[in-house]
Amino acid sequence: MKKLKKINAVVIGASGYTGSELVRILLNHQEVNITALVANSNAGKEIGEIYPQFKHFNLPALQKLEDVDFLQDDVAFCCLPHTTSQEVILVLAQNYPQLKIIDLSADFRLDDVSNYEKWYQHKHEAPEIQAQAVYGLSEINRDKIKNAAIVACPGCYPTSALLPLIPLLKNKMISEKSIIIDSKSGASGAGRNLKQGNLFCEVNDSVKAYSVGVHRHTGEIEQELSKAFGAELQVDFTPHLIPINRGIISTIYVDLKKGFNVDDLRNCLKTKYEDEYFVNVIDGEPAISDVVGSNFCVISIFEARTCGKAVIVSVIDNLCKGASGQGVQNMNNMFGLDERTGLEFAPIFP
Amino acid sequence: MKKLKKINAVVIGASGYTGSELVRILLNHQEVNITALVANSNAGKEIGEIYPQFKHFNLPALQKLEDVDFLQDDVAFCCLPHTTSQEVILVLAQNYPQLKIIDLSADFRLDDVSNYEKWYQHKHEAPEIQAQAVYGLSEINRDKIKNAAIVACPGCYPTSALLPLIPLLKNKMISEKSIIIDSKSGASGAGRNLKQGNLFCEVNDSVKAYSVGVHRHTGEIEQELSKAFGAELQVDFTPHLIPINRGIISTIYVDLKKGFNVDDLRNCLKTKYEDEYFVNVIDGEPAISDVVGSNFCVISIFEARTCGKAVIVSVIDNLCKGASGQGVQNMNNMFGLDERTGLEFAPIFP
Amino acid sequence: MKKLKKINAVVIGASGYTGSELVRILLNHQEVNITALVANSNAGKEIGEIYPQFKHFNLPALQKLEDVDFLQDDVAFCCLPHTTSQEVILVLAQNYPQLKIIDLSADFRLDDVSNYEKWYQHKHEAPEIQAQAVYGLSEINRDKIKNAAIVACPGCYPTSALLPLIPLLKNKMISEKSIIIDSKSGASGAGRNLKQGNLFCEVNDSVKAYSVGVHRHTGEIEQELSKAFGAELQVDFTPHLIPINRGIISTIYVDLKKGFNVDDLRNCLKTKYEDEYFVNVIDGEPAISDVVGSNFCVISIFEARTCGKAVIVSVIDNLCKGASGQGVQNMNNMFGLDERTGLEFAPIFP
Amino acid sequence: MKKLKKINAVVIGASGYTGSELVRILLNHQEVNITALVANSNAGKEIGEIYPQFKHFNLPALQKLEDVDFLQDDVAFCCLPHTTSQEVILVLAQNYPQLKIIDLSADFRLDDVSNYEKWYQHKHEAPEIQAQAVYGLSEINRDKIKNAAIVACPGCYPTSALLPLIPLLKNKMISEKSIIIDSKSGASGAGRNLKQGNLFCEVNDSVKAYSVGVHRHTGEIEQELSKAFGAELQVDFTPHLIPINRGIISTIYVDLKKGFNVDDLRNCLKTKYEDEYFVNVIDGEPAISDVVGSNFCVISIFEARTCGKAVIVSVIDNLCKGASGQGVQNMNNMFGLDERTGLEFAPIFP
């Protein structure tokens, strides 16, 4: 079911890491034209000036948002920081009804704007858009995404945790009361921002836990798990910064519900993801290097040492399946393409 | 209470990473003479040939074990692989009663030889020595170590987990039923062995969980926690390999016993370690880089998101406090020196 | 000029890094069927068992060389170590006249077998094949490669050095007497072999020069530069090992011939590579990250501080343009495809 | 010849990497009291707040320059950026005649202020101090340093290049006309400044050449080499940024003067540095890991492939021998201590 005409796509926020990852993917996508690259503070420059890896590609120059003619576009990817994103999307949604919007920020991920305001300490400026937004976890919300006008792509940590946990909670195989998610992420998750903690010498040769118990992605994880479970729940989530560029590994500790063992859980996940190209449930020990540069999520589940527990390990590339890759997967779905289109490239190793 | 004469020390297994770390520390220790360096397969070479960082130091050549005259020595550090270590120590203990032995392998860490045989799949060949061995967690077993003839230095992962957990269990502040230890270690923990998984390209740019639920250090952690608690308990322990040379960070999830909150736990740890030079309980977020190259352990404790839980973060340098540094700390204690002697160097950062 | 039928390709030596890089590229190549993967010591396993990144792809199991039916194949990529490669290729060439052979080893790179024997200390076992082999530097030897039955792909270091130097020597713009090539390579260049020097802890946090003045790639560099210049010449080449997985940067010092300045050299290179997709001459400072994961070579040239000299900087991905990518580029040429087919993916950054 | 009283030392600019390295070294130095730590923008904080590795040490709080009573101090280490350094030192020198000053910036390294103004594009504000300053390359200028009131410690790159080159030029063993210095430095050389190019993801997995032919350290290298040679000379110097925290490796290409071979050069260096503790001339291939965390410089010299050339490889820790370690070595000299005092610690590896 191919479209005759290519999809015209604009990338807003092209000077960040998720923006550049989108460009990398879309360049390889045979059904997409990149019509515009928006980067207000770098407007006028070629993208090759700020991302030399694109110097040799035929791409539009960076421009200001106000200079883009969105009438020609079919889809806008929004890679702006949260709070900025909602301002821009509000305008786009009001003025360009033909435009499908795929947001990679946190601005439209939380259904309840008061929940957003609690986690992000910012008054939501587009609650009417929020009402239309679909949470873009591709394998879980496929049907809703298909018809959505605006898709809020999940955060990187949530993607790694939700894919294994949602089916298990839906099937009441694990307790909702003691879910521990210990995640480790590469430095690109922090973006291209100038903070001392992001400097090479500060990240290299070290690992640190941060935002212990209070990280913003907790809200998103709890919202989606609560939906799957059918009632409110809370989780313990600890993110760590590791000295790699790309990738997340989440080690998740769960309590089995009576009557289930680890094999049951594994079978549940294998069945759920049997026909999913991008989610693979394996028997061994996943490593981040199994997925870097690709849109895959690899999951494994192990019997814990203590009775009645299981340990789940899940790996993704935070910039790809955890951000831009999942965004393109959603776009494919929204435009009636095979979800795999333009995303079948293998991980890069070593 | 300084000795008039320096301590004569021999390092057995000088060609591994813990052996070389011992040499680094002892070179800087004003009360120690290194009398011999044993490395059977490299015997005859200078240590500078296999560890160029020592080329410029005045050190004895590597020799075979059989060529060492242990009669002149006061202490032997044994940095051999497990199973080899017990063979050697059995002979030393039987022939050189004057010699204090500090073992860095796993061979004498488990009180019960049948427990050893279960975890290490090897019949213990020196059970009579096991009976005399003291588990060398310096801050916890100081009094026993002082008079021990043989000290079994704790594993690296156990050191990072036991220091925060023992006081909390002893004081019945946390449940013994749901202790989760999620640890991340640098590659030097695997030693200088030729395994594909230790190659640069395999470790770099990745993180993986391994031996999930079945790692051998579990036995040692459970033994010491059970002693502290006063009854048998089990833990869930997941080690991860991270792309750094040195350092461990353990993120530990515990359930508070009724009547206690996180402040109580923090106070318990602060009180316990108030006068300990090498163990520091802080309020912020510890990073591995806070301790690399030093004998410090830094611990912090956080309120978890879910009710009744706490998250403990603990960092050490696996080769130093997690191995050779703690070995020297124990030696100081065994010879009546201030425990800090030769170990007061600051971490190296960046 | 597309072929109606896909090209049937076999990868011999699929368990090494260049083998796995070939698989990564060919999976994405729309005109190629991978018919067989040869890995004698891993025969019977799935490639996903030794390279987990391929677990989710539909690929043939690894097999022994003797079990492959080469009659069905159009091309064989040979990713074996030198000396093994020539044995295998000799048999293939004698028995399968329809088969085009692309060798990634050093075995057929040196025109003169006595030169091979000097650099590789091994008697050449297939001199008659050598006579037919074409040196596969794509942009330089395109016409010969097109009709070759066997192509010897250049080494990684030589590729990075020859692309800028050949046009300058051909045009007599630089002296042949004082060419200094200071190269820095990621660890994948050493392959997946178990050597102490390749362990993570040995490579990480360090850089070393090795084989100073005597590295085997020197022979290959000198051969091709001598051809370009029209007379025998020698170069000073120093390789360094750097703590990254992929990538080479070569910093090259040359003496200008009288009458030429740096602008002339830059123009020469820009003109030469104007229509080349994979070779880009830029004005800024190239970084390895500009090319990782891609088949690009980026070159820049700078005025030196001292009079009459220039500094050239050249970067490639050693596994891609420096090995498997160039191999596929040559295959495209040999089979009448656009050389870019399957190779247009952008570098991966960060 | 020990002083009875400890040396009172103040560190100005304690919040940068060279400042923190000084603190690390001085903490271990038995003849020094750290009386004050100056960091204007962090004044009032404990140093442990900005460098957690020092949390457990007894150190003065950070303070403003104006709040320091320099009358009590014997020596001031100045770790400020260039241009700021000269302002501060001018005031100190005028007001505290008892105070010896050891500057780690570039401000007093160039004898001729017009040369300074050319390389640093800044008018020198303290030419009268310049006249008294001694270039603090410890092994070369020992006698002058001994009696200096102000010592300008060499840059990191110059230290690595000058130590091998000065003796060879002094002895007219190499040509002054074709010295090429290809250097590779870890990221700490760029300091703790917030620049995009210093972010983890930008440095990791890459190497780049920068400031090709125009790096400011060139002026300093040429000045000292010209003095050694006895006439003005120029060099080609190319710095590279490598993904490690600490360490420099300089690969240096020289032309032999007629009558000399590589053995002669090696002997010259071996003789020159025979009695020097910190400079070691070896026969093998030096690696950065041979010196990290230490004050050593390791040098090796190789026969080049082309006739009449030699390749010299030199490694140092840029923060230690390339900055703060050499600063302390000079202090020892200035105060009549054994130069090795407080600096005999071994490199840290792995």
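We just call them A, B, C and D in the order they show up, numbering each chain from 1.
Rule of thumb we're sticking to: a contact is a pair of C-beta atoms (placed from the backbone, for glycine too) under 8 Å apart; a residue touches a chain by one contact, two chains touch by 3 or more.
The model shown is predicted, which means the values in this text are computed figures rather than measured ones.
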What survives as touching clusters without subunit B is one piece
Write down the chain pair with more C-beta contact pairs when A-C is set against B-C.
A-C
Subunit C to subunit D: how many Å between their CA centres?
40
Distance between the CA centroids of subunit A and subunit C (whole Å) is 36
Using Cα averages as centroids, what's the distance between subunit B and subunit C in whole Å?
46
Could you tell me which residues belong to subunit A and also touch two or more other chains?
17, 187-188, 201-202, 204-205, 243-246, 286-287, 289, 350
For subunit B, which residues are in contact with subunit D within the complex?
17, 20, 23-24, 27-28, 51-57, 187-188, 205, 245-246, 277, 280, 282, 284, 286-287, 289-291, 293-294, 296, 298, 319, 344-350
Which residues of subunit A touch subunit B once you look at their complex with the stated criterion?
177-178, 180, 182, 184, 201-202, 204-210, 212-214, 218, 234-238, 240, 242-247, 249, 251, 253, 285-289, 292, 302-307, 309, 311, 313, 350
Quick one: which bits of subunit A touch subunit D in the complex? Just the residue numbers, please.
17, 186-188, 192, 194-196, 198-205, 243-245
